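In what follows, chain A forms one complex with chain B and a second complex with chain C.
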Partner chain A sequence: MMKGVQMAGRPLYLDMQATSPVDPRVLDAMLPYYMDQFGNPHSRTHMYGWESDEAVEKAREQIAKLIGANAKEIIFTSGATEANNIAIKGVMHFYKEKKKHVITTQTEHKCVLDSCRHLQQEGFEVTYLPVRKDGLVDMDELKAAIRPDTGIISIMTVNNEIGVIQPMAEIGELCRKNKIFLHTDAAQAAGKIPINVDDMKVDLMSLSAHKIYGPKGVGALYMRRRPRVRVEAQMSGGGQERGIRSGTVPTPLAVGMGAACEIAMEEMKHDEKYIRELTDRLYKGITSQLDGVIVNGSMEHRYAGNLNLSFAYVEGESLLMGLKEVAVSSGSACTSASLEPSYVLRALGVEEDMAHTSIRFGIGRFTTKEEIDRAIELTVDQVQKLREMSPLWEMVQEGIDLKSIQWAQH
Partner chain B sequence: MAASAGEVRHLFRALLREASRFSNYNVREYVKRRAIDAFHQYRDQSDPAVVDAAFKRGLQQLEIARRQSLVYSLYGPRVKSIMDLRSSK
Partner chain C sequence: MLGQFTRGLVSVASAMTQPKTAGLLLTSRLYHEKVVEHYDNPRNVGSFDKDDPTVGTGLVGSPACGDVMKLQIKVDENTGKIVDTCFKTFGCGSAIASSSVATEWIKGRQMEEVLTIKNSDIAKHLSLPPVKLHCSMLAEDAIKAAVKDYQKKKAKREDNNSSPPDGQATVVG
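Entry: the complex of A and B
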C-alpha cells in the first residue's frame, strides 16, 4: 500500500526516459569496488589508489569509444545536469570578454534552460529558438539567430519528453562555419542511437549513466581538444579531472558508467531492432482500438523507445490514476511535480487540452512483449472508460464541433 | 581448440537454466531472450575462430549470470512484478 494505492504486485515499468534499471552486467562490474577494491583513484602512493585509478581510466576509455572521442576528452561529473551546467555556464564565463550571446531551443531540458536564465541574470543574452510542429529545429531560424557575438549553441540530440532526434550533423556544420561552439545534451541519445562527435561536429556533449542501464549519480562531459574548448570550472577544489571538475571521482559509479557504455555499444543494433518492434506493437495495438490518439513529435526523426501520445477527450490526471499497474509518466519527471502542462508540448503548439492528456511510454532493453500487450490492454480499457463518462466525448460522437460551442457562465 | 556441438548445447541450456533462477521478471526474460538470440545468430557460422570467440564470451556471460542471479535473490523485494502474478483483468 503506497500513497493510498493498494497493489498486489510491482507495476510494469514503461518510463525508461525517467530512468532505466541497472543492467546486471553493470552491477557485476561495480560490486568489487564497493567491497575490497574501495581505494580513492587519486591516491598516488599505494595499490588501493592505483587499482582504483586503473578502473576509472578503463571506464573513461569505454565511454570515449561509445561516442568516437579520445579518453582525454571525457570528464566525469555527477550526471548530465552537472555536465550541462559546466558546458553552458563554463564556456560563456570563459569567453565572456568577446562572446555575449547564447542560442538554445524551447524544448531543452530544464537544467539547460535554467543555466541560460542564470546567464541572462549575469548580463548575457539568450535566444530561445522555437521548434516546428514536429519538434525539430528550423535551420533557417537557427541561421537567422546567429550573431557575431554568439558564443555557444546548445541543442539536445534526443528530446527526453517526445523522443525527437535533431539534425545534429547539419547544426554542427553550421556552427563550424560560424566558429561557434556546439553543445548537445546527449543523455537520451548516447548508447541508443549511433553517435560520433566528429560526424556531429560537436564540441561539448553531456552524458548520463542512468539513462543507459548504468548507475545513478554519474555522468560525463565530452570536451573537444582539437580545436580546444576551454571552460571555467564550476566546482572548486583539488583540481581533479584536469581542473574542470574537482572532487573524488566515484570509482564504482565510473566503472558502472563505463560498463554500461560498452554494453550499449555492443547491444545497440540488437536493442534498436527489438525496441522498434515493441514500439510499433504498442502504437498499432492502441490506435487499432482507439480513435483520437495523436503522436507528439516527428514520427520520422524519433528514437523508437520514446512514444509520447495524447488521447483526445480524456483528462490526463485521471488517465494516469487509472493506469496504476503501468509505470508511465506524462511529460517529464522534472515538470510532473507541478500541474503545469509540459512546456515541450506547448512549444510544439499542442493545444492545452491535448497537452494535459499526454502519456509518455518509455520502452527499453528489458521490456517484454507481454508487458506491451498488458499496457495496451490497460490503456485502451482506461481510455474507453473515461470517454464513456465524458459528456464532451458524447457530443463529439453526435457530430458536434466543440470549437463552435459558446460556453455559458453559470 | 574449438568447442564441440555438445559443449555449445550445454552452454545454451546452462544459460537458460540460470535465466530462470533470476527473481526479477525483466532480467529473467532478458537473459533468456538474449541467449536464444545469440545462439541463433551464430547457428550457421562456419568460421571456427568466430564460433570460438562467441563461445568464450558465452562462458563469461554464464559466470556473470550465475553471480547476479544469486545477488538478485538476496536483495529482491518481497512483492513480485504483476507480470509474475498470473492475474487476469
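Entry: the complex of A and C
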C-alpha cells in the first residue's frame, strides 16, 4: 500500500507468508466465545469457566491431531515467536549445567536468531550453520558442528522468505542418534505440508495461527512427553499450561487456532493442488514474457505457495512502487528499515545486486486465478518499464560484462 | 437467541468487508506523492551516444549498493549551456525521482551553474525521508560526474588539436 497513492478498491493480496485472512469458518467458531460464552477457562467454579475450558481442550486436540501429537503435548502461546523463545531459551536454561552449545542456521526467523544471540550474551555458544545455494542445510556440516555439549538444534521446517523445506526426518534421525533435542519452527509449514512429529523425530515445534487462516495473537508449542522435554518457563504467574506458560488462555483465539488447524488438515490435499496450479501459472506467466528471472531457493524442496523471484537489473523497491495494486514484499534493502538486503538471500550466496531485486509472491487458499493473471500482467509491465530505465540492462544489452566495471562508490 | 444475533453479526461483518470497487482510496501521507509522480511519469529517460563529443556521461553508484545512476548531458560547445539531458537509474523510487528531478533542473542551464545544485535541494523538493537522503546525494554526484566527463573529453580534444602536425603526435586510442 503506497502512501499518497490513489487507487480504486484494495490491492490484491499476494503476501500470504506475512499473514493470511481469517477463514470465515474460523471466525464463526470463535464468535460465541466473544459474545455469550466469554468465561475464563481457568474458572473452576461455574459453567462459564467449564464451557470455556472445554472449548480450549477441544482446540488443543485439533492442533495435536494436525501434527500427530497428543493433546497433553500442546501448550498455547501468544504466537510462534513466543514458542520459539520458550523452546530455545527454556531448554538451554533448564539443561545449562551440562549443555552449553546451540546449533541453528543462518536463515532462521529473526526471533530464533535473536533468542540465540541472547543466549550468547549469557555465555552459551551458538553455531550459525550456513546453508547451500538452494537454501537447504548441508547434513555433513551439521554433523561436523555437533559437540558433546550441544543441547538443542533449531532448524525451521519451511522458510518464510524462500519457502524451502528442510529434510527434517534426516535431521531428526541425526539428533536422536546424538541425543540432542530438535526444535523446529513450523509456523509456515503446519497445515500446509503433512507434518508428523514422530516421523520428523522432533522434540519441540512452534506453530502460528495467523499463517493458516486463523486469528493473530495465538500460537502453540509442541513439547514431546516421551522422552520428556523440560523447559524453564519464560512467563511467571499462576502456573497455567502445565506451569510452562502462565496467563489466561485466550479462549476465542485458541478456538480459532483449533478450527484453523482442523480445516487445514481436512483441506490440505486440495489446497496444495490448487495453490501449486496457481504458482505454476504465475511462474510460467512471468517467465514466458520476461527473461533474467531467477527463483531464489530450491525449486524441488519447496512449499508451493511461496514464489521468491529475482528480476535482474531491476531494483525491488521501485518494482513494488510500480506494483501498487499488488500486495507483495521484497528482499530489497530499501524496503527494510536497515538498508541491508535480506539476510536469508545473502545466506544463499545471492549476489548483493540480485538480492536487491527480489520479490516474494505468497499464494494461499483464497487466491484466485484472476488475481494471478492480473499480477502477471502488472509484474511484466513494470519490469519491462524499469528495464527500459535501467543503465544495467542497457549495458547488458550492449554486451558489457557488469562484473568488469569499476563502480564509483560514494 | 444470542446465537442468532451472533450469526447476524457475522453476515453484516462480511458484507462490510466486501471490496469497494467503485470508491477511491486516498491515503493521508502525501509527502510521497512527488516521488510516485516521477516514477509514473519519469522525465528524460533515455540515452545519448557516449562517444558523441558534445555528450558528458556520469555513472555513479554500484549494483551492490542497490543504486546506480547514469546521467548524461548534451552541451552546446560554444555557449557551455546544457541543451539536453537524459538519465537511466537502477534503484528505488526515491533514486529514480532524484535523478529525474536532476535532469529537469539542469536542462537549459550553464555547466558551472549546475555544479552548485545541492542534494539537500533535491531532497527538499521531493520531501525525502532521512533514510532516503543518500539517493539525492547520488543524484548530485551524477550531475558533477557528467560535467566532469564532458570537460575531460573537451580537454583531451583540445590537447589533440594543439599537438605538433609533424607525425610526432601520440595516437589517442
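Please note the rule applied: the second predicted complex is superposed on the first by the 395 of 410 C-alpha atoms of A that agree within 3 Å, B and C clash if a C-alpha of one lies under 4 Å from a C-alpha of the other, contacts with A are read in each partner's own complex, and residues count from 1 in each chain.
The criterion applied here is as follows: contacts are C-beta pairs under 8 Å (C-beta built on N, C-alpha and C of every residue); 3 or more make two chains touch, one makes a residue touch a chain.
From a predicted model like this one, the values you see are computed outputs, not experimental measurements.
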Would you sort A:A8 into first (chain B), second (chain C), both or neither based on which partner it touches? both
Touch check for A:P24: first (chain B), second (chain C), both, or neither? both
Partner chain(s) touched by A:W407 [first = chain B, second = chain C, both, neither]: second
When the two structures are overlaid on chain A, which partner does A:Y313 contact: first (chain B), second (chain C), both, or neither? second
After lining up the shared chain so the two structures overlap, which partner does A:H42 touch, if you call chain B first and chain C second: first, second, both or neither? neither
Counting touched residues of chain A, say whether chain B or chain C comes out ahead. C
Quick check for you: in the superposed arrangement, does A:P391 touch first (chain B), second (chain C), both or neither? second
Classify the contacts of A:R346 with the two partner chains as first (chain B alone), second (chain C alone), both, or neither. neither
Per the contact definition in the header, classify A:R132: touching chain B only (first), chain C only (second), both, or neither. neither
With both complexes superposed on chain A, which partner does A:P32 reach: first (chain B), second (chain C), both or neither? second
Pick out the shared contact residues on chain A: the ones touching chain B in one complex and chain C in the other. 7-10, 24, 27-28, 31
Residue positions on chain A within touch of chain B in the complex are 7-13, 21, 24-25, 27-28, 31, 270, 325, 365-368, 370-371, 374, 377, 381
Can you list the chain A residues touching chain C in their complex? 1-10, 24, 27-28, 31-32, 35-36, 313-318, 321-322, 332-334, 337, 339, 341, 351-353, 356, 388-394, 402, 407-410
How about chain B: which of its residues touch chain A in the complex? 22, 25-27, 29-31, 33-34, 37, 61, 64-65, 67-68, 71-72, 77, 79-85, 87, 89
Which residues of chain C touch chain A in the complex? 2-3, 5-7, 9-10, 13-14, 19-27, 29-33, 36, 39, 42, 45, 47, 59-70, 88-96, 131, 137-138, 141, 145
